[in-house]
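Worksheet: the structure to be examined is printed underneath.
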Amino acid sequence: VPEVHPNLRDAAQSPGGEALGRLVFETLDVDEAARRCSVVFTATPHEVSAEVVPRLLDAGVEVVADLSPAHRLRDPGEHARCYPRVPRDDALATLAIYGLPELTRDRLAEARLIAVPGCFATAVTLAMLPLRELHGVLWDRITVDAKTGSSGSGNAVRAHGMHALRSTVVSPYAPVAHRHGPEIVQSLRDHGVTSPSRPPRLAMSAYGVNAVRGLSVSVYLFVEGEVDGANLRSAFRRTYRHEPFVRVQAGASAVIPLPDPKVVIGSNFCDVAAFADPDLGHIVLIAALDNMVKGGAGQAVQACNVRYGLPEDMGLDALPLFPA
Amino acid sequence: VPEVHPNLRDAAQSPGGEALGRLVFETLDVDEAARRCSVVFTATPHEVSAEVVPRLLDAGVEVVADLSPAHRLRDPGEHARCYPRVPRDDALATLAIYGLPELTRDRLAEARLIAVPGCFATAVTLAMLPLRELHGVLWDRITVDAKTGSSGSGNAVRAHGMHALRSTVVSPYAPVAHRHGPEIVQSLRDHGVTSPSRPPRLAMSAYGVNAVRGLSVSVYLFVEGEVDGANLRSAFRRTYRHEPFVRVQAGASAVIPLPDPKVVIGSNFCDVAAFADPDLGHIVLIAALDNMVKGGAGQAVQACNVRYGLPEDMGLDALPLFPA
Amino acid sequence: VPEVHPNLRDAAQSPGGEALGRLVFETLDVDEAARRCSVVFTATPHEVSAEVVPRLLDAGVEVVADLSPAHRLRDPGEHARCYPRVPRDDALATLAIYGLPELTRDRLAEARLIAVPGCFATAVTLAMLPLRELHGVLWDRITVDAKTGSSGSGNAVRAHGMHALRSTVVSPYAPVAHRHGPEIVQSLRDHGVTSPSRPPRLAMSAYGVNAVRGLSVSVYLFVEGEVDGANLRSAFRRTYRHEPFVRVQAGASAVIPLPDPKVVIGSNFCDVAAFADPDLGHIVLIAALDNMVKGGAGQAVQACNVRYGLPEDMGLDALPLFPA
Amino acid sequence: VPEVHPNLRDAAQSPGGEALGRLVFETLDVDEAARRCSVVFTATPHEVSAEVVPRLLDAGVEVVADLSPAHRLRDPGEHARCYPRVPRDDALATLAIYGLPELTRDRLAEARLIAVPGCFATAVTLAMLPLRELHGVLWDRITVDAKTGSSGSGNAVRAHGMHALRSTVVSPYAPVAHRHGPEIVQSLRDHGVTSPSRPPRLAMSAYGVNAVRGLSVSVYLFVEGEVDGANLRSAFRRTYRHEPFVRVQAGASAVIPLPDPKVVIGSNFCDVAAFADPDLGHIVLIAALDNMVKGGAGQAVQACNVRYGLPEDMGLDALPLFPA
């Protein structure tokens, strides 16, 4: 383990120890897992998840929270288009509950399979959720500009990922057709954010920037008629008033006043803000999160806390490490 | 000088020397400048430019290339709105030629005052210029997402500019109403990029990212009817075929295939690329440049080369420093 | 609070809340502090600590853990030389226990005032402690090369700390006479690391590098006679076998095999390693830690845990955030 | 070419063009090279240089400047120990002139083979050269701490070189036995820097830091008897008074007062400074340069300029790019 996770040296090596040595690493044995665990989190490549998730459920694991995209898209056609090399059980995908508690809290209590959202999809969906209350948005003209650190690319070793080539870039790695687009559209429709009469069209471009952790998304929208900035901002406050992990940034005087991955690193927070330009009939929504916490493992834990009626921030009370 | 520009130590200290010691630093004396110089470049704050540029021209300097925004916007109302604290000579602004050679090459030969474009405005305008040839673009739905390194903020000393706070950010510092917007719209109209019947509306958001030099802009557009990607790409190739400083990126196999400030640093290049998503009726235009060269001093030199019929790349033949 | 600590937004604003909102911020009232607290941590500038620490103790606070250097150096002359503008109570400094548990664990149980060590001093002392067991070290020829991120400079706003000037540097900011030198020498003598007959002479140079958190120190030593590498390494293993927060790196195959601040960020670990070059009679000791945890607040907590017989890692069980 | 050097796009593609398109890329043909070139620069891996350099000289090329270490070490035993997999022509190595003009300017006029120095070796040797004039230095107690950006590791694709793992590190990659050590010692001896009666012993440790270009070295020395700081500094001024590429930093008020790779990037400068601590009998020498210019290709050009009596800064008059 320390070869890949040098931070876990000693933590990993003394499984019987206390506190800092409490992590135990074992090879997956599906039956053994079913015997010992109510919940299994699968943070595996989607092709592995597609194969192992059904086996875990069949073996009797009560809940599987799958961090891969294998079971996120219900529509088999969309899935095949986005992940062509990953056949998966379409019926299972239909049963999966999307693990974004701010969106699906009510349905998680009965979940057997939780499809943990993608990192960009989490940020974009949380940025757009308060628009449920707004009128006049042109749902067929949504633009998303997504910016991520290098940890978002996984740990494959590639020439263009080397430090000398990847430092200080603004690198457009997916100018069109990012795979999180359909995932977002599915959520917007499911939850009545967009108008049923006007199917959403969302164009998303993704960029690599010079950071390791963290991502930021900007959602750009046009509105027919007047844009009411005060109404927009109060929709955000109302939507997230009781959410423990979504912080609405008011842009008040501070060294970092607006959503920035810099101030959420290591935590399960997603920071959001909304701006309106009345002259242009334009709305700007910004969300920032740590792709490895609220955009990954943290969100999976949060969803399982909800699933079992545990305090939603159990195991998730780490404050952002700042400055880092 | 070395206190502010430590790289110029020795170069600045030996004014009589050769090669590396050839820079001479003097306090500005308008009459002396007029006696000795045909061209004066003013890289001064806009309030200083507004005051000194008329004096230089009155004193007989043949050409002034002003890097400040003092004389960029012809419309007095727009100028007052964007730069409220800078009264300037509106008549002079009317005479100024916008110093973007790819746009105004024909008119520069007669210029007395060259208004050197803003860094973002240069990139966005070069990204959009080839659209002159396209039909169906929704000119009232333009979105610009602009990402810049810290040198773009100038050298004022501020808490949120400190390294510990400014590193690894994605910092939305101007989510709406960036001052380069009207400058871009003026150029698009002047040069027939946008349709006269449909006045452009351009929404621009600007972000600080973890780099010192360089910027990248993305322009997002919607199209009525079919988007023809091949036609779009050939419009780019046609527009820039003979331009020495605009490189159309084809996305071919390379470690950095698309426009990225990383590969233009230290040079006068602006790299551009265009993408179409036919399913969404969406166009993505990306441009990257060094904000201190093609987005500043280099462009000023290029414009003056054109002004005097000199080789356009005289003094500008530095290749990008890579990797840096 | 969020103006200065944007990561604590909401956490700071809801003092009565649960978990994420459990932080309470108040202005210091010495008597009130004495009424409510057994322990007070003072993370104040040294001139403030010099003034407030005696008042806290007089008011009846049982233990003060002072993170400033006000009470670290027992010798009044050394203190006056290193911190000339900070008069402090020399008697108090004599009573203070140096809060480096790996060194002073036995004495902390009776501490009323804990002088929490400097960040570099912690790393250098932990790197040198195992040398107690070695013979032949030339104690008058110690060289320390210390490398730190920008958070080590505090949060004063200064021109040379701006991102554009501070990024990608290797900046020698204290080539000679760093103030942590005497603190280290005091510890080496107190704990019998160096030979009593040969007073240590330690030359220390400090550099800023392009990171926010974390520091690394290298200690270079010469040895008379043979250097026994195996003996050196086993001295490290023996010294730190039971220490929860010092990890001896064996250089085994891993992506980051040796002490690097990168793999301790956010944790209270200090990673150490030792190398011998027999041909040159030379020893290299390397230590890395997070300057804000084991080099600051974390160490203060650890020392107080020891003071009260609590589990030493209480409140300190955060694993390093990696990659960050 | 643009696949590996994306900055050269277009510059490489239009070999017949002017200025920006003046680079021509061809496969090496030794006979053709001999026909057309007086000088050939070989920037090849050492095993390639060892094979191709003799062939180029045999074919009649007047001067070969080899950037690899194949011919740097005259002593066959040292070479075999440092570069065990590279047999080379020892006689050729004996004839090679070390291409550090500040050291070997007088001998370069007759060079047929120029062994261009290593990047660290250049910096360390330039830092130490003025010590020729000093007495009492303990030549058997030299310590070098070398810090480099990621470009110093070449372009091999490796897991620990990935951006997520290589960013913000202070990574000790060669704590002992760096291969530039013997190269430095050879130069110190050849040029009478160290005392003939006391053979130098130099211990060198190398670290990767979070930068792409540039390196910094610190040389730590002890002195018997008094250290005279004024004398030390004037030795530096005297040694480099007429050197076009070595700048002695006086530490005067400036945003970056001391040698820092940050202020030499893109140039052929090496910045140096010296400090003495009389209390400790200690000397600190610091040198910074761009590993790809003064530590590589720039130095090769400089040496060839000297070889042919050309202006020494021909082709090397680029000022440092700052801030970058």
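For reference, chains read A, B, C and D in written order, and residue numbers begin at 1 within each chain.
Note that in this section a contact is a pair of C-beta atoms (placed from the backbone, for glycine too) under 8 Å apart; a residue touches a chain by one contact, two chains touch by 3 or more.
All of these numbers come straight from a predicted model, not from anything done at the bench.
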Remotest chain, chain A as reference, centres from CA atoms: D
Of A-B and A-C, whichever chain pair has more C-beta contact pairs: A-B
For chain A paired with chain D, centre-to-centre distance based on mean C-alpha positions, whole Å: 48
Separation of mean Cα positions, chain C and chain A [Å, integer]: 37
Numbers and ranges of chain B residues touching at least 2 other chains: 149, 151, 159, 164, 167-168, 212, 255-256, 260, 323-324
Chain contact graph, described as a line, ring, star, complete graph or other shape: complete
Chain B contact footprint on chain D (complex, rising order): 2-11, 18-20, 151, 212-213, 244, 247, 249, 252-257, 260, 263-267, 271, 311, 313, 317-324
Of chain C, residues touching chain B in the complex: 149-151, 153, 155, 157-159, 161-164, 166-168, 212
Sites on chain D touched by chain C in the complex: 141, 143, 145, 147, 149, 159-160, 164-165, 167-173, 175-177, 201-203, 205, 207, 209-212, 214-216, 218, 220, 222, 255-256, 258-262, 273, 275-277, 280-282, 284, 286, 288, 323-324
